[in-house]
Amino acid sequence: MTQSNSRFLLILFVVAAAVVPLVFASGYQLFQLTLVVAYALSVLGKNLVTGYGGQVSLGQGAFYAVGAYTAAILMEHFNVPYWATLPVAAVVTGMVGLALGLPALRLGGLYLALVTFAMAVAVPQLLKYKLFENWTGGVQGIVLNKPDAPFGLPLDPDQWVYLFTLSVGVVLFVAATNLVRSRIGLALMAIRDQPLAAEAMGVELSRYKTLTFGFGALFTGVGGALGAIAVGFVSPDSFSIALSLTLFVGMVIGGASSISGAVYGALFIVFVPNLAEEISKAIPGAIFGVILILFMFFAPGGIASLLSAQMRRFRAAR
Amino acid sequence: MKRRTVLAGIGAGLAMPHIRPAEAATVVGVTKTEIKIGHTIPYSGNASSYGVIGKSHSAYFKMINDQGGINGRKVNFISLDDAYNPAKTVEQVRRLVEQDKVALLFNVLGTPTNSAIHRYVNQRKVPHLFLSTGADKWANPKDFPWTIGWQPSYHTEGQIYARYIQQAKPGAKAALIYQNDDFGKDYLNGLKDALKDDFNKVFIKVLTYEATDATIDSQVVSLKESGADTLVSACIPKFSAQLIRKAYDIGWKPLHCMSNVSASVGATINPAGPEKAVGVISSQYLKDHSDPDWKNDAGMNEWRAFMAKYIPEGDINDAGYVFAYGAVQSMVQTLKQCGDDLSRENIMKQAANLKHEVGVLLPGISVSTGPTDFHPIKQMQLTRWTGTTWERFGGVLASS
Amino acid sequence: MVDPVASTPIQGGPILEAKGLHAAYGQVRVLHGIDFVVNTGGVTALLGANGAGKTTTLRAICGMVRSTGDLMYDGKRINNMATEAIAAMRVGHVPDGRGTFMELSVEENLRLGGYTRKDSIEPDLERMFAYFPKLKDRFRQQAGTLSGGEQQMLAIARALMIRPRLLLLDEPSFGLAPLIVREIFEIMKQIIATERTSILLVEQNASLALSVADMAYLLETGKIVMSGPAAEIRQDESVRRAYLGY
Amino acid sequence: MEGVLHQIISGIATGSIYASISLALVMIFLATHQINFAQGEMAMFSTYVALTLIQAGVPYWGAFVLTLVFSFIAGMVLQRTLLEPLARAPVLASVGAFLGLLLIFNNIAGWIFTYTLQPFPTPFGAGAPILGGMLSRHELGSTAVTLVVLTAVWAFFRFTKLGLALRGAAYNPVSSRLVGIPVARMLSLGWGLAAAIGAIAGMMVAPIVFLDPNMMAGVLLYAFAGALLGGITSPLGAVVGGVLMGVIENIAGAYIVGTELKLTTALVIIVVVLVFKPSGLFGKTLANRV
């Protein structure tokens, strides 16, 4: 298969992803798909940090929360239109990521895992702290209005939010693809695989590590902002440690070292809990855990790596 | 050729976006033989302890169906897991409303979760009945005519304690400890509303804890050090039990008003040690299974019979089952009153027109609602732990 | 218990014999049916360029890569046995990269070497200090802080702690300064003389290897291209040109 | 001043809860070089097993020993069936499996044993607390147990051949096999021991915080932080780190930033310490010459 062919297929796929749901999906299903895109972006941010940057972050939910709250506060207190909150959310979470990336340099591995884990626990507590309560709404959170379609487009809010979210998602996925193929991306992978060699080759370890952390936070933050717009509500309880763990699951299920893996992971974390619930109302969490472990057994490198292995086999067979 | 067809198809799709018919009829989720009721609750995640409420509802509607249903209709009760995650609640509630097309939502659990769907269900005009949360904001028929709570609000309870302290212990130096979330904050606000400017004079120390803390021993030490002689606590049973035990151990004996959430003998008093809790004040609206007073109570026996038959494996000491049993009575009563008119308007109208007794509520407390009264249960009664039982005193108190 | 050192006859029959040995890493086949022998009490050198399959041969012996054909150790076929089971049969291995337990102390490294031993290993520690006095000085030090040469000494000492009947040495000269290499080989000669262990020595530095070996095999891209007594190989014209550099 | 003292004592009592789980984390780290995020939930589950035995009439210490045996075997079986097959998979797959285990244990415990808070008996008697009520008999006893476990773990790793082999297998599995150490068996042994230590921790913690399926949810982060603060390779460090966590948290909460920010503050302090002393207070610094 030639590259232009596969690019064409990809474009076709994106167009289909936009059009087919608009025609066939109900508002509820569109909402689910919107969440998939928002989570996919967040998992993508995690993939950049962990899969490409080789740093284990357990607290990506904290960036999701920061992105979501940035969007919500701007909309609620400053009457900023929803679409304009995204660049701000990107910048804010990116900055927070960079600031946290700095100690991350000094503390690799487990220590970074601790710092990020702690961050995921601490952020909801900070969100309801009395000093910020006027902005964050404290424990009550902030309720948002659902955006209507602009320019008189004949779309209902669900359809519009989905299209909008998908468009932002596609742009950022393309950006991420270019990022990992760029000099930065190559340097990142060099650092991940051979830190000493990379350093010897003149790759500035610390700068790139911090950068990855910042980029990862940025992607996750935009995902959070989109999620907040779709859900129409943010509160400290929306962003408990469970969210971070969910994003982590999305990463390992999808495949950490891949861009497309983020989509598979997001599909998993949105739909598999519903499946688990169908199987047993008594122990949905345990069923989810079993499914997760089974995936680890049969696709330890994630769905993306399983698929690409199948693809290779398929091509080899031809 | 092929490519062109595909593109043409896409063009057609864009030109004629799918337009969904507006909800023409307001009778949704009802057939001659069935009515669909939607519900969400955490069956997974950190708050899955509440899952028993959903389990109880499912069992209760099974019982109703076994007995022939309500006005000849069986109840199709669809209860979904939201893991106490507001985003998931929105997803599940939208599924219930848009895909399963339920007639109404009943007893959706949690403050943040209900907040997330509050506006949606009111825009959609879906009855959002008898929520499983003690926040005060659900009683707002003017702005949110489709939402109604059930239990007395934490806010009200806070006010009751404030008044009790003023009357029982004038000049009290009080301390407050609350869980740092919407549940705890409501007590703080209730106390503030009742005491107004006096709050800062009466309360000399206010502390919080997080639901994820391991212990609150440190807070108890600080509270004692503050010199307070009165304590209001808005904690879940685990921390109330720790609080009672630690206060006793360090020889601190304040007048202790404890949130109704922790009034369970099985979950709070017994773990803490019944002798250590003597004198603790709480307030109740439900009967407590482990309270000897209700050993042969008709209302409680009815509940016990239900438990024995339909949830034999359930933990009888879990107050969640009693709560669920009470809330579902109001649901059934509403549907009975609806008769054959199960339009959403009528369901809401009947939900706001209740006056019935519930066997698991304390004597003198009943459910009553009206077009402008969205507080189904307004009364509570103060109780004092004697070492063996909760002794009710001072008559039934209504919220102001 | 019989003293293993005394019971080892000098230059007996083969303790290790490979016949038609094949080995592969997944799809990549590295050894294509090689034959060789290590005689009891003898030193056999396996020579060859980078990528010829020398390290793979050692790994096949230790069960670290899958192999077919026959690997007979002490009359028993050992192909694909668990690595730890082969070690328990007193096969010592100084792996490439030295395999130091960096985070552990020198002492702990040596004690781990004696893991399979049921008897007291204290006398052996003393023996190792006699060969490698530097290790005694660094006894409590973290092994990761040792120099390359010291780590190589530690690796050899660790392998000797198992009281090997067969010792596999993978490039003991690799990455070390010539002076250090000479020091290590001097000690090795001493060890060969006193321990009388059978040794299979893999080396890129052929002249060094031939200086201690009595038998030698030349490996090229997974095949044995020449074999014979070390002295003869040493004289061979092509070997001299290609591997000895004179 | 008395207040500060009380806060410190209560911090030590709470800290020893963290420390006991920190120890289990250090145990499994030394044996497998991984952090098992399901450690707390496994401990909770073991505690329920103990409670079930006690309620069935087994005397406390009998139930204690039986629970240790059960946990040890269960830990080994888990390692063999779940983690051994993932040994060659990327590390993230193991972490994914840990999270799966966490969910399974938590949810199954709630299903079998219900979510109702349960009191758990103490073996140290119900006598009056000491130090003006600051330290209950159980807290004193459980702290002693933690110290005993600490000593045992330390001695095991320091003085026994098996302990050394466990450490070796975790640091360098390839070299370990070459010296004859059955690495797979070492890993499952490590899991078994960690599960047993976790079970002790659970049985010591439960009388203080009461038993419910979420008993360990809040403890794990503190235990993890304590273990790293003390140095993840040092059992002594784990205990000191865990106890320090408790004390720092109390002092910060009571006197410095208030209860809302005490966790955040405690963690910031730890991160700062780690920036200056990356291997923790008692951990080994790796001076690796390459």
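Note that the chains are named A, B, C and D in the order they appear, and that numbering of residues resets to 1 at the start of each chain.
Just so we're on the same page, a residue touches a chain if its C-beta (ideal position, glycine included) is under 8 Å from a C-beta of that chain, and two chains touch if they have at least 3 such contacts.
None of these values were measured; they are calculated from a predicted model.
Student: So which chains are sitting against chain A and chain D at once?
Tutor: Of all the chains present, those in contact with both chain A and chain D are B.
Student: Taking mean CA positions as centres, which chain lies farthest from chain A?
Tutor: Of all the other chains, the one whose centre lies farthest from chain A is C.
Student: More C-beta pairs touching across which pair, A-B or C-D?
Tutor: Between A-B and C-D, the larger count of C-beta pairs in contact belongs to A-B.
Student: Just curious, how far off is chain B from chain A if you go by their C-alpha centres, in Å?
Tutor: 34
Student: Taking the mean of the CA coordinates per chain, how far is chain A from chain C in Å?
Tutor: The answer is 51 Å.
Student: Roughly how far is chain C from chain D, going centre to centre by Cα mean, in whole Å?
Tutor: A distance of 43 Å separates the two centres.
Student: Could you grab the centroid distance between chain B and chain C? Build each centroid from C-alpha atoms only and quote it in angstrom.
Tutor: Roughly 74 Å, centre to centre.
Student: Two or more other chains in contact with one residue: find those residues in chain A.
Tutor: 121, 125, 128, 282-285, 288 - these are the residues of chain A that touch more than one other chain.
Student: Considering chain D alone, which of its residues make contact with at least two other chains?
Tutor: 103, 107, 110, 221, 260, 263
Student: Viewed as a graph of touching chains, is the assembly arranged as a line, ring, star, complete set, or other?
Tutor: Chain contacts: none of line, ring, star or complete; other.
Student: Going by the touch rule stated at the top, which chains touch which?
Tutor: Listed by label, chains in contact pair as A-B, A-D, B-D, C-D.
Student: Any idea which chain D residues touch chain C in the complex?
Tutor: 161, 164-165, 167-168, 171-172, 174-183, 233, 284, 286-289
Student: Which part of chain D faces chain B closely enough to touch in the complex?
Tutor: 2-3, 6-7, 10-11, 13-14, 17-18, 103, 107, 110, 114-119, 129, 132-134, 136, 208-210, 212-214, 217-219, 221-222, 249-250, 253-254, 258-260, 263
Student: Could you pull out which chain C residues touch chain D in their complex?
Tutor: Spelled out, the residues of chain C in touch with chain D are 62, 64, 82-84, 87-88, 93, 95, 99-104, 108, 111-116, 142, 144-147, 158-159, 161-162.
Student: Quick check on the complex: what are the chain D residues that touch chain A?
Tutor: 35, 82, 85-86, 89-90, 92-97, 99-104, 106-108, 110-111, 221, 224-225, 228, 232, 260-261, 263-264, 267, 270-271, 274-275, 278, 290
Student: With touch defined as at the start, can you tell me which chain A residues reach chain B in the complex?
Tutor: 12, 15, 19, 22-24, 26-29, 31-32, 35, 121, 125, 128, 138-141, 143, 154-156, 159, 227, 231-233, 235-238, 240, 242-243, 270, 273, 276-277, 281-285, 288
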